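Labels for the chains are A, B, C, D, E and F, by order of writing; each one numbers its residues from 1.
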Amino acid sequence: MAMLHIVNKSPFERTAFESCLKHISVGDSVLMIEDAVVGAMQNTRFSAHIEQALQESSVYVLSGDLAARGLSQERIISGVTAVDYEGFVDLTVECDTTQSWL
Amino acid sequence: MAMLHIVNKSPFERTAFESCLKHISVGDSVLMIEDAVVGAMQNTRFSAHIEQALQESSVYVLSGDLAARGLSQERIISGVTAVDYEGFVDLTVECDTTQSWL
Amino acid sequence: MSLPLGAFWMKYTLMINEGPYQRQSSDTALHFARAVLAKGHEVIRVFFYHDGVNNGTRLSVPPRDDRQIQQAWSDLAKAHSLDLVICIAAAQRRGITDAKEAKRQGLDTDNLLEGFRISGLGQLIEGSVEADRTLVFGG
Amino acid sequence: MSLPLGAFWMKYTLMINEGPYQRQSSDTALHFARAVLAKGHEVIRVFFYHDGVNNGTRLSVPPRDDRQIQQAWSDLAKAHSLDLVICIAAAQRRGITDAKEAKRQGLDTDNLLEGFRISGLGQLIEGSVEADRTLVFGG
Amino acid sequence: MAIKKFMFVNRKAPYGSVYALESLEVVLISAAFDQDVSLAFLDDGVYQITKNQDTTGIGQKNFSAAYKALGDYEINKLYVEKESLEERGLTIADLMPLMWEDEDDDYQEKSSIYLVNRAEMADIMATQEVVISF
Amino acid sequence: MAIKKFMFVNRKAPYGSVYALESLEVVLISAAFDQDVSLAFLDDGVYQITKNQDTTGIGQKNFSAAYKALGDYEINKLYVEKESLEERGLTIADLMPLMWEDEDDDYQEKSSIYLVNRAEMADIMATQEVVISF
């Protein structure tokens, strides 16, 4: 059973993202959408948390939300994969369940 | 010019409260309302921040919101003053301006 | 209800950025407004912006044992001649409309509650200039 | 638009907890629903809870150069026979009502948009039991 | 109707937003559908089940007593996260006692609350089929 | 009408909520009232004025160009907090250049953006008469 954890809150504004990362199981996936995409960037106060999560899980970011906030895919953390809405749907198919961290 | 800083977000859920405390000037006042009242309690992950703020500013908590969440005034940080809505109004009279940290 | 010695009458403008029930902002603003009035101060304007415009619907029917937030604003406005202003741009996006606006937009009905009026953002700036204190209640 | 080899058709129930415009949840859910349908999966129910019920008003008139969120849901429902359910308890608090409910409550008008229906929370549980995937979009 | 493992995840304080109340309403409805229901209380969600809630000062309805009814509907798996309590200066003694009667064990009263650590909470989440969060 | 020192405080990212857009609308209106207007961008508010925003993927209107119009309305005090940028891995080079023409100085183009540290931001806040935050 793999779970897709969906985060939509900025890790700089809320603790939801950090709480999510403390509750993922090995093999789970994490997808950043909406304001959470700012967490995908390199060299931030939060990036070490993502780098650690990448060791035992897959991490994705919704490309449209990233672009909207003026953030370039070239500057996301190595290992984080950008997906579009169809990729988002595929992730929900591949994982058995989803949990939104609101 | 003294400012009343009004915080309505839990310091465990959002960073707004911490950001507020980093932007207060000597002699300002801070009032916790709504979900922010949980920040008034002793022995939490956040209480050291309040204790530090008390050194140069006054800190208040809205009593009705505290009671609603099952929190006793006996367990709030020493130096934090509980006020009701009329006390809230008095604070806005005593301070020259207000800023809400949403 | 008279002011304590040394205090003086204050004029307040309040801004409310969240709808009723979802977040506590509107409740808190109501309690605050009542306390302001009880102390003899004046509320010169309440400006409803963002989802705050949803406080102005007359179509809500909350459970009887719950508070009636929209009606409470309307009642307070009536009792104290408050000026409750709904931001027109925010209201248009969210589906709050008075009879005049509904007609202008070709809508088949309206839903604004008595005691509220629809106007522009200038009312917020003007209210803040005229008031001694401006407070923001938001989510 | 056919499914890749090895994939299979999925049934989705979506839950939306925020109103249009204020937060992005409803936008994201719309894009997600369209992508689900484009890939040939099925959306068996969209359940609007909390402020999400505000997606079901027909009285919104957003600026022409902005997106029309409420209408977009209605259009998507029409094109794909989606079942858009508004939670009755949440709707009552917030002032969203259909003609039948309005009559029952003694309201002078209604504001539900075509393509939505009002029902109870059981629809969410039932939808989640029947679906292969349940997703929550919230604020 | 199929029976699924439902988890309702509560992460927000009550009264500041409507999520706690409307979550409880969904949970109560779910009982009527005979599903396998668990509740998680973590982060600020632990404030939802504190003792002695008194809402007279804010004019909202105190709905905390309704959690006590969950046991009667056979909803008796309430997982509370230890770390969340500790960070907030709370202990299990600050929470309402929430009980259920085990009819297979001579109607003995048992606690519905399971205090779990973060790793255990993650494990419980991982076994769910539907996760509804507020 | 009296002239007051207004500060509009922007602390949230754009598009995830409507606050950035509706704040900008208030700011533009305030220009018509000849007030002494400042804007603060701190915390996630700094994302409101990043370069190269492209909203085609999310279907929302890209309103970032409207910040460039502020200078034409004599709104030219935009305070951006240094620490907020740094924590987010951003520098001033990631922000749009926002300019105004100084008619008292031969219409020279000058930057409206003032990069300030946290202590300076607190000092600027302390001098305001009306603070409207989103």
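Everything that follows uses one rule, which is that a contact is a pair of C-beta atoms (placed from the backbone, for glycine too) under 8 Å apart; a residue touches a chain by one contact, two chains touch by 3 or more.
Every value quoted in this text rests on a predicted model; they were computed, and no experiment measured them.
The set of chains touching subunit B and also touching subunit C is given as E, F.
Averaging C-alpha coordinates per chain and comparing to subunit E, the farthest chain turns out to be F.
Distances between chain centres, each the mean of the C-alpha atoms, put A farthest from subunit C. Residues touching across the subunit C and subunit D pair largely coincide in numbering: over half of the numbers involved belong to both copies. The distance from the centre of subunit B to the centre of subunit F, with each centre set as the mean of the Cα atoms, comes to 27 Å.
Centre-to-centre, using mean CA coordinates, subunit A is 33 Å away from subunit B. Residues of subunit D in contact with at least two other chains: 17, 21-22, 24, 28, 31, 50, 66, 89, 134, 136, 138-139. With touch defined as above, residues shared between interfaces to two or more other chains in subunit B number as follows: 8, 12-13, 15-16, 34-35, 64, 84, 97-98, 100, 102. Contacts with at least two other chains are made by residues 11, 15-18, 43, 58, 60, 130-131, 133-134 of subunit F.
Contacting chain pairs in the structure are A-B, A-D, A-E, A-F, B-C, B-E, B-F, C-D, C-E, C-F, D-E, D-F. Those residues of subunit E that touch subunit D in the shared complex are 1-2, 4, 6, 18-19, 22, 25-26, 29-30, 32-33, 35, 130-134.
Those residues of subunit C that touch subunit E in the complex are listed here as 21-24, 27-28, 30-31, 65-67, 139.
Within the complex formed with subunit B, the subunit C residues making contact are 7-8, 10, 12, 17, 24-25, 28, 31-32, 34-36, 38-39, 41, 133-139.
Of all residues in subunit D, only 19-22, 50-51, 54, 57-63, 66, 70, 89, 92-97, 102, 105, 107-111 touch subunit C in the complex they form. On subunit A, the positions that touch subunit F within their shared complex are 8, 10, 12-13, 34-35, 38, 41-45, 47, 63-65, 67-72, 75, 84.
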